Structure formats: structure tokens, C-alpha cells
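Each remark here refers to the structure printed beneath this line.
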Amino acid sequence: MADLRIKIKNLEFKNPVMTASGTYGFGEEFEDYYNPGILGGIFVKGTTLEPRQGNKYPRMAETPSGMLNAVGLQNKGVDFILENTYPRIKKYDTNIFINVSGSKVEDYVIVTEKINEIKSIPGIELNISCPNVKEGGMAFGTSCPSAAAVVKAVRKVYDGMLIVKLSPNVTDITEIARVCEAEGADGISLINTLLGMAINAQKRKPILSTVTGGLSGPAVKPVALRMVWQVYNAVKIPIIGMGGIMNATDAIEFILAGATGVQVGTANFIDPMVCPKIIEGINNYLERHGFKSVTEIIGALEY
Amino acid sequence: MAKKLVLDFKVSENRRLNSEYVVLTVKTDEEIPSITAGQFAEIKVDGNADVFLRRPFSIQDVDYNNNSLKFLIQSVGKGTETLCNLSVGSTLNILFPLGNRGFSIAPKESRVLLIGGGCGIAPLMLLGKQLLAAGVKPEFLLGARDISALTQTEEYEAIGKTYYTTVDGSKGTKGFVIHHPVLWDESNQFDMIYTCGPDAMMKAVAKYAAKRNIECEASLENTMACGFGVCLCCVTESVKGHVCVCTEGPVFNIKDLKWQISE
Amino acid sequence: MADLRIKIKNLEFKNPVMTASGTYGFGEEFEDYYNPGILGGIFVKGTTLEPRQGNKYPRMAETPSGMLNAVGLQNKGVDFILENTYPRIKKYDTNIFINVSGSKVEDYVIVTEKINEIKSIPGIELNISCPNVKEGGMAFGTSCPSAAAVVKAVRKVYDGMLIVKLSPNVTDITEIARVCEAEGADGISLINTLLGMAINAQKRKPILSTVTGGLSGPAVKPVALRMVWQVYNAVKIPIIGMGGIMNATDAIEFILAGATGVQVGTANFIDPMVCPKIIEGINNYLERHGFKSVTEIIGALEY
Amino acid sequence: MAKKLVLDFKVSENRRLNSEYVVLTVKTDEEIPSITAGQFAEIKVDGNADVFLRRPFSIQDVDYNNNSLKFLIQSVGKGTETLCNLSVGSTLNILFPLGNRGFSIAPKESRVLLIGGGCGIAPLMLLGKQLLAAGVKPEFLLGARDISALTQTEEYEAIGKTYYTTVDGSKGTKGFVIHHPVLWDESNQFDMIYTCGPDAMMKAVAKYAAKRNIECEASLENTMACGFGVCLCCVTESVKGHVCVCTEGPVFNIKDLKWQISE
């Protein structure tokens, strides 16, 4: 058995495999399949200050090797989640991160302050990259000044681990990553979804109620890998990589490109057992190639 | 509700009903948990490069002795076409039973009508059988384009009295299900209506039931990415706001839905 | 038979189906399959001032529903192409566009001046979006000032039809499209490839000699459709849409999103007969839906 | 060279040689154009969601009377695995014949050696037959990991004298092809060497031939996106700069290549 543990700052993760926000609920739906406590971490659904109904149906379109979603941050609001949902899932023996979303800097700050009260929550993932909301969301993640402003404001009120989740819909991902690092982020996670669109040619209508939505799944993997590699070469803080991971080989590619941990998203929909399989597959790879610890292959790409 | 499983099945029969429909029977070695009519399964479609996500299908029937399930599949696109052409012996990976709310069983002696159209008739077969077992005599009202699209008629008739409508009048009453006289003969007093089928059909039925204060349950077929409550893509507007069809349904009492009123 | 003709300015295309630069050679390799003269247009391989050897092998990686390429504008140089290749292919009864690439504004200008001499060439496609060259290329297409500078300089010396080909690797595609329109472009083509990367996990090496490369194929279609739709709503000049078109339905989706014409790229590798099939498929669609002319469905998306 | 075609074939035989290799025989209704040994085909792999591009394979043999082609397929990944498991009767869409330069036929009476390894032995079978037909007696030198990986030995032996090497010495000389005594016995004067196989093998052979001024042709297997000269992905460095393996090859005289010198 290889050593699968990774560390971000002083926080230990039992393995590098975590679940991506918005694709794993709060873990409870997976209890029938396996104990979510075996994961390196769980990133729960995007949480906002007020409860949100999300966008109108239809919110989903299948695309070649991927899907578009336009959920629009449907969630019950931070208070409900901290009071009702979190107490139910905190039994899982893993790191639970709250994915924090907002349409104003103040909202991000208030939500974070509330989470800051609960010391058993090790960290938050600041979502400045949601393409499916009219205000805020992705807009924060697509310019350096706005990204800097949110990260700075949140850092001021937050003592836990601050991971900032970046949008791939930018000309230069490294400059955004650098300002987040400069403003005190403890880590960077990427990528959120690529803005895309699907059309029903027979009906001559967009498939999504919102016309555009966020693309995820294997289709985006080449773009995600490239961005992880670029950011790895641009910042010193750890990276959590994601985008189209379907199996252990995909996960290893992200780690080789420079990710310390990975998140699995869309794949959970297709195979609810995918995460345990990936954990096992990473171990097998390390053993086969003679590595003692997964940390040996972080950024170990040779070129 | 039973624990969700993800299991490999083998296709033990692929019965073609017509150019559009097949009935797939699939078997596994494991024990099948108890299924409530209305529950569904997410089937992984292999061998088609254009299919990425699983596809949801109602469980039309279950045989606990043989560990087998039956699906009625209508070929409407890439995934269903691939499924319709599966040969006996192929492996299918199936996630089931899904849906935390199936049809509720009306009290003994109630008069109930099960209204279905297209592939929406599928869950009504299991419902019919479960009603019978509970001492309720189901009646079916099945609608289709024409006689050739009406399938499995003998199987439904074996469960209960079955009425038909076809758009071209080639069998039963000409028109849509909502035009069938059984709904308009005032001597018929239904206590409960169950429905599954095209949206337009279900909305017409819901309107009819709401007007007469008849209890009515509808099974929705929203497009789904996961089928078990984690993607939040399959929502319908309910009196409580957006709820997931896959976990809060797929069967809803029409009183909890907003759609039938909006029209 | 529906009327498949489209027009950009005063130039008529016999149908909206054209071939994408770098995926069709100069058409000659397709003569065994069909007469390239049936196409709406042919966009030949990226042409530079000097001959270029391109990047080292390997230049290709298959990805989920797509591929990465790192050809790096291998070509024989504008003089050779105008003197040797063009005379051989000008017999095709279709519009032949030269795809003009460069690493300096002056190079673009000189290449264009040379093409301007040959009046039988109806137009050029200005490639400010090639991700596979060290200097210039995509860099021009990812900032408004540099895009403006190239288009302005080329417009000054070029009398024919000037189509500018945009890079999808930008935060806001509409602002780039707008400056190109403002500087005198006659049309916009998009998208070029998305910058991506592929890794061989077993060897722990990038697959491409250049590490990163350009992603094409159905995987990018949702992004391409979204960008065509955004640009359609931002400029008045016609759009030629591309990115993952594999069949007539895909082509129609682009036209509905706002494209006047489409280009077929990667699909030519998999089915050399794909273009004639798409032309036929568009006609069938129009007849089935009761449209007399393909122009009726340009941007006809309802929402 | 013959016109390129894109045709549907039916698998008429799938002969498994061992856990890694199969020989696929495919038939079509159309007439097969004349094939030069070394030419290849691009096969569309259906039914595997992870395969996007066609896959290139050398034509191992052709039967003009039966309109059939033979391919030797080594399972190394997703596409080849799918092909290896095809059942008789499956349809395969094939683009062929590709490659504007196959092997050249040495003059009558020349002494020639055909050196192959792995799936690289495939084009050497057709080459052997075409040499025989032209009055040249081919000799084969085939290398493999071990005896179980050496396949179709009888078929090669039926065409000409066949020497073997295996890495573990389980058949023929122990070591790589380059270690076989036939290459080092000075009484053997080869006029021409043909080679196809792993890069390292071909480079060793090319070095050997270059040193002795023996004419040598190698068939390259660069990764390809199109196979017919339009993507420019398959280049090798030649004395003329980058050239496409698919159109300027796949067979090259080693004098025209740069790689064998660089090492």
C-alpha cells in the first residue's frame, strides 16, 4: 500500500481524491454505495447567503463526452446548511469544504464569517467562477481586480483554509491565480465549467432555459490539464485539479501536471462508485511504478 | 425505500413490439430489492460513442424469483436505439431502484384509472399489478397515435379493463386520452387517477382531475443527469419551490405541482 | 431542392459548407472522394511569409471526442503556394481563401500584399489565433489592441474579402470581434482551437512535443456554439462558424446560432465524405421544415 | 498508386493467434484495387466511446478474387482491443489503400532480408509474396519477446526461409533481431533489407545497413490523425525536412531519413 496522504498547509487529506462541488450533494446520497468518509475531501454544493431556487428547467444538456448544466446555485442558504445539513454530515471522517458563492463581495464575506464560527469545518472553496448566475459568480473570476477584491475581503474574515476556485473562461489563467495567491489564498482549485451552449436543431431552440451553461466532463479535460500545468508553473500554493476526471489514469495526469489533490465531478453521475475506484487505482499505479508516496508524482511531468 | 444498488445485469430477452418499442428483460445474480411502481433505473449505455450519461427508464415489471426486471423502451434517439438493438446475453450496468416516491396504492375497493401514453404506460403495468395485489381493480386508459403504436394490449387487459384512444381512430375512441367517454360518463366516479406519458397528456389529465377533485398522481420524466439527487438538474416547480423529480418523485400528487395550473 | 446559396458582401457561396484551414490540405487529397468544387469554399492551410517546418513530432494526441494538434503552421511559404499550389487548385469551382498567419504585423501585411496581386483569390482568412507557434499567432487574437493592429494593417493593403479568425482562448470573445469589425473586417470566423494538453501517465510525459496544443472536434462544439451566438449578437458582419461539426445537424446548430456559413475541420479526417453529406443533410432539413433558403435559418434560434 | 476508397467491409474471419494478436479478414462487394506491400488502411472503430479517430493498420495480405483484405492486429489499447473482439459479420468502414510509397521490389535474384518485430511483421507478409512473384526469394528475420509472441510462423516459413530471435531465447537466437548470426556471418551478402517494427529495432537495423552500404527500406508507424496527407501530424524528419509518413511513406529508404543517424 502506497502512502496516499497529501497535505495542504497543515491540513492532512487521507488521499488526494475529493468530490467536486455540485456533483456530490452532501455525500448522503452516496451512503448506499460506500462510506463518504473514505474520501480525501468533500466539497459541498455552492452555498449562498440567501436560499436560491436556481434556474428554470431544463438545466441539463448532454454534449459530446460531456454535459452542460445551468443549475444556477440552487441551495437552501448558508444558515440552513450550517444548522441542518452540516451537523448531519460532519460524522464523515473526511475534510468537508463549503463551496461559497455570491453575487456581491459583502455576501461572500457574510457567508464566510458564518462558516468561520464553526471550527470543525476545515476550509472553504471560494467559487468565483459559476457561469450560471446572472450577477457575480463568474464575473468575479474573470478579471484580476475583482478576483483580488473578493479574496482579500474573505481572507480578512476567514481563519480556515481558503481555496479559490477559478474559472477557465479567461485569456490568462495564471494572472488570476497569481492575484489570488497574493491576496492570501491557501490553494487554488480549477477548473470550474467552460461556458457553452446546446441547441435543439429540430425545435430551433436552445436546450437550456438559460441558453448558455457550464460544460463539464471528459470533453474539457485537455483544457483543464493545460490550466493546472500553467498555474502550477505560476504559483507556489497547492492546486486541486479537476475537469473530466473519469478514472485513476485521468487523476494521475492531473497530479503529474501539478495538482496536489483532485476533484471528481460529473463522473459521479455515471458511476457512483468512481471515487473508491480512483483511490484504489492511484494506489495501484504508485505500487506498479515503485513510488512510496503520491507526493512523489506531484508535478513530476518530464519534458 | 430500498437501498440503491449498482449491478450488472444480462439481457435475457429482447422482445420487439413494433418498429419503435421493445421490451428488455434483464437478469442478475443478486437479489432484487422490493420495488414500488413508479420507481426507475438508470441504465448505462455502452457501445455508442455519442452517449455519455446514463438513461432513465421506469421499471415496468419485476420478478423477484428470477431476479429480473422488465423495461419498455421506445427508440427516440441514440441511447434508446442502442438499447433496442441489444442482443440476448449483453451486459447492462443498472443503477436502481431510484425515485423515493412511487405511486401510492389507493385504498381497497377504490375505483382507479391508470392513464398512459407512449412509453409512459410502462410504470402503469407494475402499478396495476400492485393495485390488484392490494385488492384494488385497476382500469387502464391507454392512448397512442394509431393501432400499431398500441403495444402489450393483452398484458394490460389481463390486469384490468382497458380503454383505448388513437389519434386516427384505428382502435378505441378517436382522439386523445382526454376525449375518451369513460372520463365523461358521469356515472363513473373515479377515486384516484394515475398518469404517466407526454407532458401535454399529463397536464390535460391533471386539469381534469383537479376540476373534479379527484386524487391524481403523475409520474414525470424530466431529463436527468444523475437520477439520484446530486446534480439538481431534473427539477420541477412544486408548491415548495424547485424539487428534484428523481428524489422527490418521480411520482407527484398533482396538488404538489405547479405546472398543471400554469396552463 | 432548397436554395443553399449564401452571400458575404458581394461574394456568393454555392452553399454554406466550407473546409477549415489545416484540415483539408489544398483539396487535392479529396479528389479521389469527390470534386472539391461542390463546396461553398475551401480555406487552405495556414500560410506564412517564409516556409516553416512546423513543430517536432509528435504533433497529435487523441482526446475524448476530440484531438489536440501541434502542427505549428508547417507550410511552404506564400511564394511557393501562390506560384505552385494555387495555380493547380484554382480549377475548383469554389471560393478559395488563403489562411494568413504570421509572427509580426509586417509579415501579415507582406503576405497579404502578395495575395492581393492575385485577383482570382476572393479573400483571405486572417489567422490571429494559432495556438501552436511560439511568437505571434494566438497572441494577436487574445487582446483587443493587438487584434486591432493586425486587422487595420492588413485592411489597408487588401482589397478582397477579409475574414478574421478568432481564438476562443479569451475572456470575452465579443470585444475582440467588435474591434475586428471596427477595423474593417468583412466577416468573422470562429473558433480556432482551444489550448489544451495531454499526458501519457505511464511515461509521465506530455504527449505533444510542444506540451500544449490546439483542441478541436466535437468536444469543443458547445464552446464554439456559444461563441458564435455571442458574436452574432455583438457584430453586424457575417460569421463563419466552426468547431466540432461532424454532421448536418451540427452545421444547422451553428447556422441557427448565427453563422452564415460553416467550416468543417477535424471531421474530414474521420470521414472524407463528410462535407458532401453535410451539404445534402442541410438541404434535407430545409425541405423537411419547409424553408426555401438556408438564409431563412441564419440566427433563427427562438428563445 | 490506386485511387483511395472508403468502403464498408464485413469481417469474414477473426482468428485469434494469442492473447495479444488476431488476424482479421474482411470482405467487400467492390473490387479491391492493386495494393503495394507497405500500404495501409485507416479503420473506423465503432462501439467504443473512447475512440475518436480512425486507426491505421498495414495491409498484411490481399485476395483480389475474394475482394478481401487481411490485417494483423495487436491489442495495445482501446481501439485495437475493440477490433480484436469483433465478431464475424460486423461491419468495418475502411479507408484504403493509403501510403504513396510502399516497399520497392528488389531486382530479380537479389538476396533480401525482411526484418520484422511485433505487429511490424504484417506488411512483410505481403512484401514476401510480392517479392516471390517478382522472382526474388525473400528471407525473414522475425523477433519477439518469447515464443508465445511469435505468430503465423508457418505462413512466413511457407514464403521463405525464416530466422527467429526471442528475448528469452525460447525460440531461435536469444536477444534482439540485430543479434541474429545471419546478420553477422560475413558470407551472407544481402542486397536489400526491409524492416518494420518498433522504432528501436528499425534504428538498429538501419544503422547496420548504413554501415555496410546495404540498401534498406523501413516502414514507419507514426501516430496519424488522417492517414492521407491533410493534417500534417505524422511527420518524420527527412533530408528534405519534415515529410508526412502517410503520404511520402510509410516506407522510406533510410537514406532519406534523419533518425537513424541521430542516434
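A few remarks follow.
Order of writing sets the chain letters: A, B, C and D. Residues in each chain are counted from 1.
Basically, contacts are C-beta pairs under 8 Å (C-beta built on N, C-alpha and C of every residue); 3 or more make two chains touch, one makes a residue touch a chain.
Treat the numbers as computed from the prediction; the structure is a model and nothing was measured.
Using the mean of the Cα atoms as each chain's centre, the chain most removed from chain C is B. Separating the CA-averaged centres of chain A and chain B is a span of 36 Å. One finds 55 Å separating the Cα centroids of chain B and chain D.
Centre-to-centre spacing of chain A and chain D amounts to 47 Å, using the average Cα coordinate of each chain. Among the residues of chain A, those in touch with two or more other chains are 63-66, 217. Residue numbers of chain D whose C-beta contacts span two or more other chains: 49, 51-52.
The touch graph of the protein chains shown is a ring with every node of degree two. Screening every pair of chains for touch gives A-B, A-C, B-D, C-D. Of all residues in chain B, only 46-49, 51-52 touch chain D in the complex they form. Residue ranges on chain A touching chain C, taken from their complex, read 63-66, 68, 142-143, 169-172, 194-199, 201, 204-206, 211-212, 215, 217-223, 225-226, 229, 244, 249, 252-253, 256-257, 285, 297, 300-303. Against chain C, in their complex, chain D makes its touches with residues 3-6, 44, 50-54, 95, 222-237, 241-242, 247. Looking at the complex, you find that chain A touches chain B at residues 22-25, 29-30, 32-33, 45, 53-54, 57-60, 62-67, 69, 71, 74, 217, 266, 268-273.
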